[in-house]
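You will see chain A twice below: alongside chain B first, and alongside chain C after that.
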Partner chain A sequence: MARAIINLPASARRGEIIEIKALVSHDMETGFRRTQTGGLIPRNIITDFVCTYNGAEIFRAEFYPAISANPYLAFSTRAAESGSIACTWTGDNGFSLTESAAITVA
Partner chain B sequence: MNRGFSVLCSYCVALLLAAAAFSASAAQIGPLAADKTPRRSGYDFMGRETRAMQDDDAANPGMLWVLDGEALWSRKAGAAGRSCFDCHGDARSSMKGVAARYPAFDAARARPLNLEQRINLCRTGQQKAPPLAYESRDLLALSAYVGRQSRGLPIEIAIDERTRPFLDAGREMFNRRQGQLNLSCAQCHDANWGKRLAGNVIPQAHPTGYPIYRLEWQGVGSLERRLRNCMFGIRAQALEFGSDELVDLELYLMWRARGMNIETPAVRP
Partner chain C sequence: MKPDSLRGRSGGTSAGTNSRREFLLVAGGVAGLALAPAALAQSASGPGRSSAPTPAAAAATLQAIHKVVGTTPVNKGKVKLDLPALIENGNGVPLSVSVESPMTEADHVKAIHVFTEKNPLPNVVSFRLGPRAGRASVATRVRLADSQTVVAICELSDGSFWSGSVAVVVTLAACLEEL
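Let's look at the complex of A and B:
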């Protein structure tokens, strides 16, 4: 079950700096580990994270094998207008997950 | 001579600090009147960042398992085609305080069962589904979801004539030296808590937040997994998941932590 939790204030004043927290469930298998019989466990990680605010990209991150399992990111943006903030995680083996939340800016 | 004096002084300071800590923690966790030592959750030994991670549901990775458990709660399973919800209804009310009472006595088995065993008994008995494997994602998710409904509630382990022998067996196990290092649980967790074992602070072994998200594991695990870790650490033969001895030990540990608040899903380093 791929699952993500994003958290941001439901409402904000225009121009206010808000914090966005994004947590996703993922094993982040590094590709360097081996099984007991010596076989390499193939890499399976999230490679990209993109956050959009009403469709415009506001934050992007690239992930590498040293990132922990179930990666957590927190970043901030300026509340400009009401709408939707969407986070998308993409990675190996066709992994893709999008989670969004609404914000009301007064 | 000088050195002896300063050691003595720092001992006095430590006593004062301990007294201060006691009065502060007494209000938080309310130790039983009979207990002389202040009891502290593993939470109290953690760094600021790890505490913040546990306290914020948006940052606590254990919540990912809780959400999975919530989905599983209403998913029909097995030949009976029933979900947990069909019998128990909304877990937020029906499971409130339940995890705080486990391990609990089961009349059919004539012994205490832990929460994972109880969930599997429901699966095989009511849902006619195969039991979930210990430490499987689904079993951890369900026990985390059920445990979450007791967060903030005090652990209440009822001991009566039926459960007392199992409690005594658990206590005996806690105090028994075992493994190549010939250590008992009590030698670390009663006699030396608060000191360091390598880089880690030795906690008092109160299982208040299971299943926990352990940073070292990069995932959620049960109390039994944690206990087996300790057994491995003292180079003893780790008991099998779900074995009677392990459940007795769980019962003793939960009883020992009675009155302390459930933190599930807790985060631990």
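Let's look at the complex of A and C:
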């Protein structure tokens, strides 16, 4: 099963801009590659990434086959309140994975 | 081969065929999108050069950009796209985009879209941000199929579009190898 890691500071001051890094293991098969017998390998990629902060969406990304295998994302948000930041990846063939991390805002 | 693609940065002045020139113009937000298809059709009969995208590929890129911006003109500037100028392996190219923006409720970046000239699919990634981002800066890793120009277009909260582009050289292409 796929694994995901998200990395963000465990604590932050209110209003501080924090960086969130998200990494997930996935082949991101483009759908443009062929086998030696000429058959097209079907596309199997992650298509959507959503990050929520205590349930409110703060960042979203749409992936296309040009995103590398094991998609990596780094983005930022303003620390508002203590709670959890959750990242969800969804994709082809019913792929869905959620990973969350807690943050304490002083 | 005319070494257009061997420059680290896009100058755009001595670009290859018509299609490439059109692409760069749109990337810079100078050309009207409606004019592009005619010019592209013309260049279809012109001499092919390996450094320039095929007319079909350039048209696909314009179409993908058109789909995002509609009829709104695209201005040049504000967007800073960071990619290595020389890429050894096109399978995992670090890409970062940042936009000059205060990221307040009244003035923020709504979306950033990245496009390529010569990948099998022009779209690379679309990011949706909001005022809560605090800073309009995103990084990821992408695949590049060939030496080409990469364009980032951002949409601001006032509805305007801004673009930035970088020309890169790729020595090992992604996407197209056989298993």
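Rule of thumb we're sticking to: the second predicted complex is superposed on the first by the 106 of 106 C-alpha atoms of A that agree within 3 Å, B and C clash if a C-alpha of one lies under 4 Å from a C-alpha of the other, contacts with A are read in each partner's own complex, and residues count from 1 in each chain.
Please note the rule applied: contacts are C-beta pairs under 8 Å (C-beta built on N, C-alpha and C of every residue); 3 or more make two chains touch, one makes a residue touch a chain.
Since the model is a prediction, treat every value here as computed from it, not as a measurement.
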| item | value |
| --- | --- |
| Overlay on chain A: chain C relative to chain B, clash or fit | fit |
| First, second, both or neither for A:Ala74, with chain B first and chain C second | both |
| First, second, both or neither for A:Ala106, with chain B first and chain C second | neither |
| Residue contacts on chain A - larger count, chain B or chain C | C |
| Arrangement angle, chain B at one end, chain C at the other, chain A at the vertex (C-alpha, nearest 10°) | 90 |
| Chain B versus chain C as contact partner of A:Ser25, first or second or both or neither | first |
| Which of chain B and chain C A:Ile5 touches, first, second, both or neither | first |
| First (chain B), second (chain C), both or neither touched by A:Pro65 | second |
| Partner chain in contact with A:Gln36 - chain B first, chain C second, else both or neither | second |
| Three-chain overlay, closest Cα atoms of chain B and chain C, distance in Å | 5 |
| Residues of chain A contacting chain B in one complex and chain C in the other | 68-69, 72, 74 |
| Touch list for chain A against partner chain C, complex | 17, 30, 32-36, 41, 53, 56, 58-69, 71-78, 80 |
| Of chain A, residues touching chain B in the complex | 1, 3, 5-7, 21, 23-25, 27-28, 68-70, 72, 74 |
| For the chain B and chain A complex, residues of the former touching the latter | 56-59, 61, 63-64, 67-68, 71, 137, 215, 218-219 |
| Residues of chain C touching chain A in the complex | 91-93, 96, 116, 119-121, 123-130, 132-135, 137-144, 174-179 |
